[in-house]
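Input: a single structure, listed below in structure tokens.
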Amino acid sequence: MPTFHIEMFEGRSVEQKRELAAALTETTCKVLGVDASSVDIIFHDVKPENWATAGKLWSDPR
Amino acid sequence: MPTFHIEMFEGRSVEQKRELAAALTETTCKVLGVDASSVDIIFHDVKPENWATAGKLWSDPR
Amino acid sequence: MPTFHIEMFEGRSVEQKRELAAALTETTCKVLGVDASSVDIIFHDVKPENWATAGKLWSDPR
Amino acid sequence: MPTFHIEMFEGRSVEQKRELAAALTETTCKVLGVDASSVDIIFHDVKPENWATAGKLWSDPR
Amino acid sequence: MPTFHIEMFEGRSVEQKRELAAALTETTCKVLGVDASSVDIIFHDVKPENWATAGKLWSDPR
Amino acid sequence: MPTFHIEMFEGRSVEQKRELAAALTETTCKVLGVDASSVDIIFHDVKPENWATAGKLWSDPR
């Protein structure tokens, strides 16, 4: 039943998500010994103005 | 204080969310014995390209 | 594929979780027209010292 | 490594997020004694139709 | 209605959580112009073996 | 900045988490072209009594 929530900056292509989902699922099945059908992955696209590190938004110049 | 986060595919109508929020809250109050005012429900609309099961995006043909 | 994350104070019995999971799933299926097998519910037990409202921990006298 | 997820109604300006991120990070560093670079803050803008309290959507008249 | 989820390493004292919750709430009210009663903060204590950065668990020597 | 939250049943060993974190990070860097230091992974160990599918707790006989 592993369920992934992955927050990352918006802008990744569907092709990247497709490839990432397939690879992460395969890795998880191998390491945990679970069936692929039990793995769910949910991507959250985050705008740079909605993510701050060290108190500074990523939409601002660093 | 129960706080719900519900991830589901985008496309549900406001009417469905309204009905679901009312029914889930009523059920929660009955089972847990809490007051309705303490129940928060947050819906997250997820695009099919952002959800994968068994390593495959739901925007792809299955 | 609705996936619920429910944060609530620790201390609820397994019996309450069992009843709540069954009832919430039934409600969700009815309103959204999805199959029960597509509904996942994850409970998160939260200690009162880990939840604050209005700036005050729930483990503190109110 | 404190990582914040903050759900709030959509409509806050980038300026408010900038100010909030800076102030929350400063506070966290002071209280926990961590370095600013270890603090991540992610904002989630929520539509009123996606948030219910007491079983009622915030997009509905109260 | 801002709702915070804060993931941080386990081991912080109740006193630190109390101080942090109070200060974060005050800051949020000031910047967003909301009432303190609308601010919820939930802390999640994370074990070092449950957090990895750069592919390495924090329970492992760096 | 990809940040993973992975919910899975409790009981996985530290060795499995170590291997999973390393492999998931490597995969993510390869597909997204990000640096390993930007990838955070947080595991959430979930008790079977806290996870329900199809309205039934996983601690109950299926």
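All chains are identified by letter, namely A, B, C, D, E and F, in their written order; residue positions are counted from 1 within each chain.
Heads up, the rule we're going with is that a residue touches a chain if its C-beta (ideal position, glycine included) is under 8 Å from a C-beta of that chain, and two chains touch if they have at least 3 such contacts.
The chain lineup, named per UniProt: A, B, C, D, E, F = 4-oxalocrotonate tautomerase.
Owing to the predicted nature of the structure, the values given are computational and were not obtained by experimental measurement.
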(message) By that same contact rule, can you tell me which chains touch subunit B and subunit D alike?
(response) A, E
(request) Quick one: superpose subunit C on subunit D by CA and send over the rotation angle as a multiple of 5°. (result) 180
(request) Pick out whichever of the two, C-E or A-C, is joined by more C-beta pairs in contact. (result) C-E
(message) Half is the threshold here, strictly exceeded: which of A-C, B-D or B-C has more than half of its contact pairs identical to A-D by residue number?
(response) B-D
(request) Could you tell me the distance, in whole angstrom, between the mean C-alpha positions of subunit D and subunit E? (result) 12
(message) Measuring centre to centre with CA averages, how many angstrom lie between subunit D and subunit F?
(response) 24
(request) Could you put a whole-Å number on the gap between the CA centroids of subunit A and subunit B? (result) 20
(message) Could you pull out the residues of subunit C that touch at least 2 other chains?
(response) 1, 3, 7, 24, 40, 42, 51, 53
(request) Determine the shape of the graph in which chains are vertices and touching pairs are edges (line, ring, star, complete, other). (result) other
(message) If we use the touch criterion from the header, which chain pairs count as touching?
(response) A-B, A-C, A-D, A-F, B-C, B-D, B-E, C-E, C-F, D-E, D-F, E-F
(request) Note which residues of subunit E are touching subunit B in the complex, please. (result) 1, 3, 40, 42
(message) Touching residues of subunit D toward subunit A in the complex: what are they?
(response) 14, 17-18, 21-22, 24-26, 36-37, 39-45
(message) Can you tell me which positions in subunit C touch subunit E when the two form their complex?
(response) 7, 46, 49-57, 59-60
(message) Help me check something: in the complex, which residues belonging to subunit C touch subunit B?
(response) 1-9, 12, 16, 19-20, 23-24, 27-28, 30-32, 51, 53, 58
